[in-house]
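The structure's right below; bear with me while I get my questions together.
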Amino acid sequence: MGVHEIEDAKLIFNFGYNGADSHPIVQRRIVRAKQKGATIICADPRVTEAARIADVHLQLKGGTNIALVNAMCNVIYNEGLVDQHFIDTMSVDYDAFVEIIKKYTPEYAETICKVPAELIRKAARMYAKAPSAMILYGMGVCQFGQAVDVVKALGSLALMTGNYGKPASGIGPVRGQNNVQGACDMGALPNNYPGYQNVTNPDVQAKFEKAWGVKLSNKVGVPLTHVPQRVLEEKDPAKKLHAYYIFGEDPAQSDPDVAEIRETLEKLDFVIVQDIFMNKTAEFADVILPSTSWNEHDGVYSCCDRGFQRIRKVVEPPSTVKTDWEIICEISTAMGYKMKYKNTEEIWNELIDLCPNFAGATYEKIEKYGCIQWPCRSKDMNDKGTVFLHNGKFATADGKGKFYTAEWRPPQELENEEYPLSFSTVREVGHYSVRTMTGNCRMLRNLEDEPGWIQMNPADCEKLHIKHGDLVKVMNKRGWCITRCNATERVAKGATYMTYQWWIGCCNELTIGSNLDPVSNTPEYKYCNCRVEKIDDQAAAWDYVNNEYKDLRSRMGIKMIGEEA
Amino acid sequence: MTNKYSCYVLADPNKCTGCKACELACFAEHNKSNNGVGYTVGTVTIPVTPKLYLTKTKAYCMPIQCRHCEDAPCLNACQKHAIYRENSQVIVDQEKCIGCKDCVLACPFGAIAILPIGEKGKLKLQKDREVVKVASKCDLCKDIEGGPACVRVCPNDALELVDANADIEAKNIKTAEGLYVSRI
Amino acid sequence: MRKFVKGNPDLCIGCRTCMIGCVVEHEGRRIFEIDPDGYDFNPRLHMVKTAKISVPVQCKHCENPACMAACPVNCIKVINDAVVIDTDSCIGCKSCVQACPFGAIDMVSKIGTQQADGSMRVVANKCDLCVGTGNGPACVRVCPTSALTLVDEEKLKEVVCDKRVATANAAKVFADAKEVE
Amino acid sequence: MRVVEIDKNICTGCRECAKVCPAYAIEGEQGEPQTINTDKCVMCGQCVQKCKSYVSIVTHGYEAYDKVRKERGIPESVKEPLFAAHNVTHIDEVKKALADPTKVVMASAAPAVRTGLAEEFGYKLGTLSNGKMAAAFRALGFDYIYDVNFAADLTIMEEGSELIERVTTGKGKLPMFTSCCPAWVTFLERNYPELSDHLSSCKSPQQMQGAVQKTYGAELRGLKKKDIFNVSVMPCTCKEFECSREEMNASGERDIDVVITTRELAWLIKDAGIDFKSLKEEEFDKPLGEFTGAGEIFGATGGVMEAALRTGYELITGKEIPDVKIPSVRGGEGFRTADIKVGDLTLKVGVVSGLKHVVQVLEDVKAGKLNHFHFIEVMTCPVGCVSGGGQPKLLMDTDKETAYYNRTHTTYKMDEELPIRKSHDNPSIKKIYKEFLKNPLGEKSHHLLHTHYVKGPAKTVK
Amino acid sequence: MATKQVQTTCAYCGAGCQIMFTVDTDKNKIVNAVPAKGRTNDGTLCLKGHYGWDFINDPQILTKRITKPMIRKGGKKSALTEVSWDEAIKYVADRLTAIKKEYGPDSIMCTGSARGPGNEANYIMQKFARACIGTNNVDHCARV
């Protein structure tokens, strides 16, 4: 499935994905699909841009995704809208799946999701009756303690309606950061070598041992989100982490429950931060290694639809910094394992030869065609890669799709008397990730700056006697931050949302780090509780924010005017 | 008399020849008092600006004019409240109109155009000497004796003043008669 | 007829690229070189998001501008068919803000200017269709979803003409049916 | 020569003009721009009157309007709408002559002009503007303000005598047709050449006026005829064609130098900045501007007939006519007949109004069915010259009936109010015969006031 | 002003938009970014693509660009000291070697980066973790 294909979809089921803020250029395709006559169903607790133009907006309560999907499957099953031939020939485990969804009548789901049963029926019928339907999902599915279940259930929804293997159908994640796909492709995963080759597979291990000339471990590594636990709580000395080599990331800002992260970083024996700008994590680093930024080095990114594209050195980096790969190679060499490359192409050639699915994606081809979507197995110039991944067959042992769903599990931390509102993180369209790059761009900074906003329903604001634009204090048992109130009808009563780009309005002071999806280890960024408090002395609050900002910038190495002398 | 529904003029493309007599008559009638337009062409001193617009397709033609919608998009779009209802009809207050063109784009029929207006036989000017241009659309000749001029002058009787109230009543009676004939 | 930029809420995704495009066009590319606090960030269009609508709002360049009529110092003028505020002569009286029914004018401070008491001048600010840049409105150019259109006389004619033809086609169907009767 | 044209860029192809064209000269598909077949066109200008397809600032633009205005030679001061069907204007030639100090410019206007001109200045339909028109001519700088009404009286003297001659001596064909309407004459010449001998040999009043202005008129004032520039104002678009017929130079010069329509006279007045409304009524110059009620009623259908009968009666019977008003020849569009007792003689007369109705009459003449008729008046335009193609154009055709009625009514009212209502009683007519022409149908008359109409298309000098 | 144009892939989301940068080669500075015709972006860019490049000139807005290797010589919470690359590399290598020796290779955690560095740098990092340190403890913030 490719991004451009979205435009030609007959029906788009947009689930927990806010393209307008996270990928405007993908949202553009959704808008164009709508213009071309596509039906749009949007499941999102907020009125996102996609929800706004949707034919049906399923404004479900946060943390109830699977109940909604199960209920839609229930309607399709009970109303005989299934593609029985497809189920019979192309799938397994249908009966077990049906056993679970039977319970999820729309009326039952309504009690969980707060979406009217009739609307669920309407959406299910629309989805099932569409000639082809495409599911796009995003972090609104993934960033929950129950995430992989939902992805599989959405896959089952597509399976039972035969929505695979034809154009503009299937199910596609639209991933957040620019090179998430690439980091996964390259094996920056505790269980996979590059090219999704499992570390526990002896044949794979042997291949890499031969290529790299060393013995390799077959023990699955530690997922990033387990780091705090492995540092702070692990009793087994063999499992405890002592050193942390962080490159191009800022967990002290981006990870959930940053108070816990800070404690983790403090407790670690040795922290290496390799980055381009000072950041919150660097405050805990024992060593800081300056590297080159995007636009200062060559390489390849993988975009969200598996497309390898070149990045090129646009300007010369400062003379005193090195590229990431050079730094790592030098450390490795100093530690006795020699790594030396002339350029990124040499690295690339080494790695694609180790990964059958990437083997044909040479620099030459990427240059020539602009983009190569893997799998691309042959170096022959005619192998231009693969647009559709599931071409009639599923990438399972028997080539069949596997039905799966699960019972709904509520989020770990629910609203209560003390913290009566739900709290979720979302994206700021004009800023990227932890904002070290975009926060240093004039125009993007001018458009949106600290201390960010908390989106709240006007009725909730009224109850708290808060006006749009007021500074408010947001808190729960893990922490608090100060931010501005954005009173908007686009969020439901009782729910609040903050974008995670703000350092002062830092929402990850509140998020939970401990409720991870058991399979993906993704934290539950999208659900916890909070309380919003009115601040009576707004002037003092602004002074506080301004001083915090000043202090923060000073800690980040910015010299204020007059400070130099 | 106030109608339950507004009336409007509708053209019949099977009769219309596209002669523009309606446009000219519309202009003439609306500019008699303000701009000294008399009976003949020579009395006209400003550009002809009608309130209905002859439209030609490949196969036929007809003038397009306001339908005096019951939930009028133009009226709803106007931020200046320069479009109002008078005896059920949708009327543009040309004094209030600032020429923002919202109504033009809101109208699904293409019945509104932004056109200059005259005053005492000359194009009306604004402070900067630029010509005043306002939304122009059918007002059903509301202050004009004899009713819609376009209907009166059409040489082919292609224009009709549609009165939805009477139309519905007539159709109802016909239907009732049909029900009578087909009774069981 | 005066041109104007029109946003289409069906296409707009609320990203505000238009607002930045506006600032960059008016302040010039020098802003990427100078002190980050040394320029004005005064977009001349404003993203509006309600529960149902996302769309930037800006000056309609009315044919008979209420702002122009309201300005006591005649600093709102028509230049190249665009209604433009001469901010050098604006006294900041807000009459135009009051007069404009679209909220298309706001008041902004101008960095580097001062009045007699030393405080910064605050003047009216609104879309000028990027007159004088020769590139046409920047907002239209940068919008990633083509949600903004420069409506000129031709474009307006085209839109209205299409509607009229559609109306005529509908009337034809109606008339034919009537004839059959 | 170019007289009436349809601008292809403006024409919407409604073919409403084709419905009024008496000569079936307008050709083209419905919905497509039309063309005029000049072989058929009689230049009556009824299409010009009918056309509503205006140059629009909305669809064509301001520039298009200015372009068309310039192309047509219409002064910038004119702001009125311009239409696809139009007649070629000649006001530039008039302006040039008026500005030329070596030229003695003489004006003469047709009877119907004064019933329509005021309409162009916002007056009620059919408002009489005889004296204001004379004043306007003077204000425009014309040297002599004469009147085609005078020549209308002269026409009656000649044509009446011709009729009497044909009736009493058997010389010449009967029925005799009038020849004052050039569109009708053109139609007959082209389509029924075999009947052209039925036409009166008289020139139209316009051409008689021109010929006497440059001869008798020159003598009276001691002018050289080459210095005289005759401007004729007509309710008619075809008159320019008539004055351009190559034989119309009996005076030795072009008898009429240029013809403009009532509408064009209004443009001239506006262009000169003359406030028509405040003009005081003035008199025409004598003798070539003196006229009777008989001359004035030429503007209405049946008017030539009625004027001819008033004089004919008295010339034949030698007695005063009991009632100058002869209602039986008056009327509207169509063909009407009357038997008029003139002494012992019963004159069988007919009046055709609207050229479309003449075809049956001509076929009947050809078939010998109308041999008992003596005299038939034919006018191309619906109710005669008051409804001519050069008259003020109505914005709304619903006003047509009123306009025609009022202009006709004004014509007859003027006749009633004039002290002299018979052409032969006009003192200036008496004077010209005494001093210059001697006798009707005499040698000078024959040379200056009569002509030979042709079988086939007439040749022109323009 | 001597300029050149370089096309590259935008680093601000997974859409993979193509950007054409104009560079003042004399000053080694970007002067302009315009959308290029890419498979996914079709000649369009969002605000980050259009206006998200001037950070590269270190405008001192939010944080300062790191230009020199730095070490906290006085231990945790002490001030950072700028050092030479040689010293920094040796320091890192020595400390990691010591920790590996004392607690085993699985006591060291490495991250990949889902952001600017690119695929090759990620490959090198995971190779470093697996081949040099000897652990599969490498992961990135795919889930953030």
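Should a chain be cited, it is by its letter among A, B, C, D and E, assigned in written order, with residues numbered from 1 in that chain.
The rule we apply is simple: a residue touches a chain if its C-beta (ideal position, glycine included) is under 8 Å from a C-beta of that chain, and two chains touch if they have at least 3 such contacts.
Quick caveat: nothing in here was measured; it's all calculated off a predicted structure.
A.B. asks: Shortest hop count from subunit C to subunit D along touching chains?
C.D. replies: 2
A.B. asks: By number of C-beta pairs in contact, which two chains lead?
C.D. replies: Counting C-beta pairs in contact for each chain pair, the top pair is A-E.
A.B. asks: Going by CA means, which chain is nearest the middle of everything shown?
C.D. replies: Ranked by how close its C-alpha centre lies to the overall one, first comes C.
A.B. asks: Roughly how far is subunit A from subunit B, centre to centre by C-alpha average, rounded to an integer in Å?
C.D. replies: 57
A.B. asks: So the centre of each chain is just the mean of its C-alpha atoms; given that, what is the distance between subunit C and subunit E in Å?
C.D. replies: Centres of subunit C and subunit E (C-alpha means) sit 40 Å apart.
A.B. asks: Could you state the distance in Å from the CA-based centre of subunit A to that of subunit C?
C.D. replies: Spacing between the chain centres: roughly 37 Å.
A.B. asks: Using the average of all C-alpha atoms in each chain as its centre, how far is it in Å between subunit B and subunit C?
C.D. replies: The answer is 30 Å.
A.B. asks: Quick one: which residues in subunit E touch 2 or more of the other chains?
C.D. replies: 44-47, 51, 54, 59-61
A.B. asks: What are the residues of subunit A that contact at least two other chains?
C.D. replies: Counting only residues that touch two or more other chains, subunit A contributes 24-25, 28, 429-430, 442-445, 447.
A.B. asks: By residue number and range, which residues of subunit B touch two or more other chains?
C.D. replies: Within subunit B, residues 53, 60-61, 113 contact more than one other chain.
A.B. asks: Applying that definition of touch, give me each pair of chains that meets it.
C.D. replies: Once each pair is checked, the touching ones are A-C, A-E, B-C, B-D, C-E.
A.B. asks: Which of the residues in subunit B end up touching subunit C in this complex?
C.D. replies: Interface residues on subunit B, with respect to subunit C: 10-15, 53, 55, 57, 59-62, 64, 79-80, 97-102, 104-105, 107-114, 126-128, 130-134.
A.B. asks: Residue numbers of subunit A touching subunit C in their complex, please.
C.D. replies: Going through subunit A, the ones touching subunit C are 19-21, 24-25, 27-28, 31-32, 34-35, 47, 49, 52-53, 429-430, 442-447, 488-490.
A.B. asks: Quick one: in the complex, what on subunit E touches subunit C?
C.D. replies: Within the complex, subunit E contacts subunit C at residues 31-32, 44-47, 50-51, 54, 57, 59-61.
A.B. asks: Would you mind writing out the residues of subunit C in touch with subunit B in their complex?
C.D. replies: 1-2, 4, 6, 60, 62-66, 68-69, 74, 77-78, 101-102, 151, 156, 159-169, 171-172, 174-176, 178-179
A.B. asks: Given the complex with subunit D, which residues does subunit B contribute to the contact?
C.D. replies: 17-21, 23-25, 27-29, 36-50, 53-54, 56, 60-61, 113, 115-116, 149, 152-153, 155
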